[in-house]
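Here chain A shows up in two complexes: once beside chain B, once beside chain C.
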Partner chain A sequence: MTKKQSYLFTLIVIIAAISLVFAGPSWAKVEGDTIIFGAAVSFTGKYSTNGKHTKNGYDLVVKRVNEMGGVKVGDKTYKIDIKYYDDESTPARAGQLADRLIKQDEIKFILGPYGSGPTKGIAPITEKYKIPMVEGNGASRSLFNKGYRYIFAVLSTSEQYLAESINLLAEKFKEDGRDPKSAKVAIAVENDPFSMDIRAGVVDDAKRWGMKVVIDDKLPKELTDMTATLTKVKALRPDALIVSGHSKGAALAVRQTAQMKVDVPMLAITHCEAADVVGKFGGDANYTLCATQWAPTMTYKDEWFGFAGDYAEAFEKEYGYVPPYQAAESSAAVLVYVDALQRAGNFDTEKVRDAIAATNLQTFYGWVKFDETGKNIAKPMVLRQIQKGKYVPVAPRKFAAGEVIFPKPKWKDR
Partner chain B sequence: MKSMGQKSVFYGVIVILSLIVPWLLPAYQTQLAFLWVMVVFALTWDVVGGQMGYNSFGNIVFFGIGMYVTAVIQRNMHFDIEEYVHVAGRVETLTPVQYLEGLFLGMGAGVVVAVVIAAGLGACILAMGMRGQYFGICTLGLGVAAGELANGWEYIGAGSGLVTPVFPDQLGQRGAFFYYIFFILAVIAFLTLRYLYAGRFGLAINAIRDDEDKAEAMGIHTTRYKIIAWCISAFFLSLVGGGAGHLIGFIDPTEVAFAGATFGVWMILMAILGGKGTLWGPVIGAVIFHITQELFWTYLFGWQRVALGALIVAIVVFFPMGIMGWMRERWPERFGHRVEEREAFSASKGGG
Partner chain C sequence: MDNLLILFEAPIFSLQLLIDGLLIGAVFALAAYGMALVWGVMKIINFAQGEFVILGGFIVWTFFKLGINPFLGIPLAAAVLFIVGWVLYQIVIVRIVEEDLFISILATFGMAILLQQLMNQIFGADVQTVDPGLDTWFLFDGAVTVLQIKVVSFFIAIILGAILAVFLKKTRLGQAIRATAQDTRAARILGVDTNKVYATTFALNAAICGAAGALVVMTWVIQPFAGLAYTIRSFMIVIVAGIGNVAGVVFAGLGLGAAENFAGFLFGAEFQAAFVFSLLVVILLYRNYKLRLKRRYLK
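Coming up: the complex of A and B.
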């Protein structure tokens, strides 16, 4: 009797709340003549910049495909659309949202989030519900050794990102008549799944050449300063400095090496374009080596966009900036779905999954062909050097448009 | 007795509703499972933060410990560690028996580790007499430190995190499975706390909250009670953490396990929203908070955090005592604190 009312109140609140949630809109996988994909992307939090690139990449394909009539599945042509949620750059949220997309919104085809962390949060969920996920932004190789059947990545895995820079270093050493074994490498990476893999790839390649890793720093996730690492670099004089930490890490490496006038013959980083290091730091960004999944100068083509350059043009027209590869690989992920749906001829998730697994497709982004773990094995990473404010592909040889400048000129000579 | 009858009807309704709700709303099982996680968060925070008046910002530590211990035991029992950490070859899925073995043994071990650590930390921090904001800041540091430690420890995956095995199909629905685990945990936590608050323990920690020096002068072993209270928090939090790690599927050191900025803050918010220092307050707070949050996420796309922030400000401004506190003030004759028979009895029994 004493707390009767409070109990009643609680009960009412619970019931009201449950009914509120229940009243939410329900999305089906196919509504009328529209196929709806689901994606949890980082709109807020530390990946928000790249989350935006990801969303723009997805949206551009949606727009283009719909303008060109849509996707033909079986006898009918469908428009496509995407239902988004904000994963706030955390894996915990990403996983919950994937669950929500699949169970509440009844979405049958998932597009990946941005970043290996959130992708790792989603993969167990899509695996559990046997719903395919095609992703373009989860590069951590630990995504592909769990025996997952439903995850497909159009991008090169992260251990390949900067490994090429080590090979380039060895090549340059040989050209100069020096033993690659005498090369010293410094590594500073953010302590997250993606960058730790980059480190693993670099360490493996350095080991293969017998190079010595003189600095091996892990940077915090709240990446705002790396002067401690750079002070060590000044003292130990390594031949190459490898930095990885998404966009923040890229901006930080370029800014602080310039500020501290750190002279290192080679600076190799990821996410140059996404961080817009040229726009932000101008000449200070010159001679930096940038790993890229894709570049607008490549000569791949597809039926939707034409050549890579055409894609870049369309993207810039729509969003007002040159597409970084994060946008391109996101677009490619949607194109893989479009192709697989057309070949599958229906919406059965198993059939679509098998069609995706059998993909052998050229897109503006490059060739896409998955191995049994779901990685794209048909597309190499490219290394570009910023020369006079332009990105010049320098490795591998096949894509090289210019010669790498090594060693980097000293700051006093610039 | 009429009130007893009504009470049992009320509890019965809640239990039955809770038991059938995953089947009424099958699509919402995972979110409902998290609802019970939130309830345990708020309840356990309130033991120390509300009933005892020690604002702890570090309870997330025990959640993370439970999560990691469970996941590591699950991994070590069934997988080659080298293979699991250093990415090579395929990792096969587990059989239901293996999965359950690993999960429950892991949760058990997680509790032991968490309670031992809580006692150890308590012996260091609380026995030193740290109080008020000093205690708050100290525990805040604990949470951050735990995250950073996990971030650098290769054995538990360091910054790359840990992936828990995929839920075996034979065990039925994943959402429902964890829903019931968390539901049972929340019920046990609620009943345990109800029992404890009604007795000497509750009076002692309330006395500590009201005036610790006086409580001590009256002969209450304040340090002992404080440590016990913290261990109780750790006990339930680590159990929930063990389950949550498996439900989420991927354990990131700072964003899932030791997520001070999200789970760590939410547990405090929920308790305050519902009314700290009350039994039902944290439960009500958790339910309202979780549902509001889920609604914001769906309908206020991109603005959800802003809306949540505004809600928090509104709560603190308009309901500084929380919903239960507000109701007590508004309708003291209905919700006000009453000395009930059992309480009076145990109070008279325990003198000092």
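Coming up: the complex of A and C.
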């Protein structure tokens, strides 16, 4: 070979190598016989508690699946593992880290972070690289109205969180021979996307029943006191008070309605367990309705964990506390991947995406079936009422084990 | 406007709002008092004020979990925060105390972030509260409820403020602090160890915030990232009242508390803070206007 020829040959090889790298389907990050998922989760910052639940939920599935032999993709069985980064509870950082997971670490399967905010930070990135993300902790409906193709959420979206309480109120009104149209609803939600979605769901349902929304307060993020809103509740006497403001809102609602002895027939809130309202306020928390994605008392089951109760037991054995739904939905997200990979039979991200989209799976967390926007439409929200310090499922009434106590007894009778 | 009608039809709710506002205002005033002290003496605007408050709350909460009465926790929180304040002074503030105001804002803001994250690591991100075991008073057939803990906080805040005022007036150290505030150079020439005065002032401020935090955790809830609300309110109270105006700080604090509650009732919780800050703008414009009148007069 002349010098010129060898130069040309080298050039051809380089071009061929480059085109090989860039062309063709993108393949998953598989090291040896391990499939590696990527996740940016909040280990520090304001979501760190729930970030921990998320990670524990993911890790428990990893451990269980590996113990049970692993995931069969094609004709080979693989172990699974997760590469984590700390998104510091900020959406922008979550986005950067997703970029890093995909570009630098070459990870092709993303698991969601905790919270709608960070999930919103990541969704455009996974969309850009056409990498699927299965998430269990981003419920904001704004994630599902942008035409994203690669995001899949196993949880119920946020507008469903407390809408059920309005239906329950209407049913109770009918039972008592009253017209649901005469019901008055008070809403106090935090001014953030997630809580505003919850509000939208409640307002929609109230409108459907012809109920009147008499208070519609948006609580500031730096909320420390609900006195003004609760004074209004005392003045206007609504039939239901709906509060959502993460843990802080839950703690304030329960504490201050008790302190100010605000008598309202129904108090429905989110984040009861995250705020540990039973542990903190004891009897004062009784009769509160709590929205939850999942409860260990549900009767769903799957091949990896068995029933919801078995999952709860395994989780508690591993981490020493009862799994909150944030952990359960995170676990469910990994199970969806496991199922989809087995059905796809290879690591082509498009094929896996299509397999995820076609999911129709019962997990210990509930049924998972996605609509075209990536929302799980097969699992309802659950409402539980705190009765004598215990969470009793009361709605939807066909799955409910217990009966709701309505109206709440007045404070002077408690 | 419907909400305004309620107040006219049932004026009793105004009383509820007023009482709650004044009682919460006292706690704001306490934190603001500390801020005014540091601002006046050291020319530093402490943006970590709210974090000191929250830290005080967490200290009480920690002792409470160990079985210590939360009211005993107040002096304990103050003592711990005094030490924290002293240490922070020696590490950070000492380097910036004679620098430009902007640098002090940056530095204390950095401290605020650091404290938030440390609290988050140590105490967790959860919302916490302490039950002081007090009850509620009912007035007017239950239409007005007065929390005993809020009343107790109110008086503790006022008493602490009074003790502080006396301390500054009467004691040797208090006089040194006031002298430094008036003229640092002159105080130094007259033999005041201004560095010690600074350290004490900053630590004292932290201790005041600690006590305020103890009252906050017993009355409301705390969380590592909830400090900003207290910083901003303190800042605003000090601006309205002016530095070194103890009575002004107390009245501005009480007024702010009441104004916030009424605004929340009338316009909804989302405009609670917005209303108050609009009020701040109005007050500043009014002040500016009055000052200008004065200037013209002097001419």
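Here, the second predicted complex is superposed on the first by the 385 of 414 C-alpha atoms of A that agree within 3 Å, B and C clash if a C-alpha of one lies under 4 Å from a C-alpha of the other, contacts with A are read in each partner's own complex, and residues count from 1 in each chain.
Definition applied: a contact is a pair of C-beta atoms (placed from the backbone, for glycine too) under 8 Å apart; a residue touches a chain by one contact, two chains touch by 3 or more.
What you see is a predicted model; the values in this text were computed from it and never measured.
Colleague: Check whether A:193 is in contact with chain B, with chain C, with both or with neither, and answer first, second, both or neither.
Modeller: first
Colleague: If you stack the two complexes on chain A, which partner ends up touching A:218: first (chain B), second (chain C), both, or neither?
Modeller: After superposition on chain A, A:218 lies in contact with both partners, chain B and chain C.
Colleague: After superposition on the shared chain, which partner residues are touched by A:255: those of chain B (first), chain C (second), both, or neither?
Modeller: second
Colleague: Which touches a greater number of chain A residues, chain B or chain C?
Modeller: If we count touched residues of chain A for both partners, the winner is B.
Colleague: Given the touch rule stated above, what does A:44 touch, chain B (first), chain C (second), both, or neither?
Modeller: Once the two structures are laid over each other on A, A:44 reaches both partners.
Colleague: According to the stated criteria, A:247 is in contact with first (chain B), second (chain C), both, or neither; which is it?
Modeller: The answer is second: A:247 touches chain C but not chain B.
Colleague: Need the overlap of the two footprints on chain A, from chain B and from chain C, as residue ranges.
Modeller: Correct list for chain A: 44, 191, 218, 220.
Colleague: Spell out the part of chain C that touches chain A in their complex, as residue ranges.
Modeller: 3, 6, 10, 13, 16-17, 20, 24, 117, 120-121, 124-129, 131, 136, 138, 142-143, 145, 147, 216, 220-221, 223-226, 228-229, 232, 260-265, 268-270, 272-273
Colleague: Which bits of chain B are touching chain A when the two form their complex?
Modeller: The touching residues are 2-3, 6-7, 10, 13-14, 17, 21, 25-31, 34, 87-93, 148, 151-152, 158-161, 163-164, 166-167, 174-175, 248-250, 252, 254-256, 259, 262, 280, 283-284, 287-288, 291, 294-295, 297-298, 301-302, 304-305, 324, 327, 331, 334-335, 338, 340.
Colleague: Can you list the residues on chain A that touch chain C in the complex?
Modeller: 44-50, 188, 191, 216-220, 222-229, 231-232, 234-236, 247-248, 250-252, 255, 259-261, 274-276, 280-281, 412
Colleague: For chain A, which residues are in contact with chain B within the complex?
Modeller: Of all residues in chain A, those touching chain B are 1-11, 13-14, 17-18, 20-22, 24, 43-44, 84-86, 88, 90-92, 95-97, 99-100, 103-104, 106, 117, 120-121, 123-125, 127-128, 140-142, 145-147, 190-193, 195-197, 200, 218, 220-221, 373.
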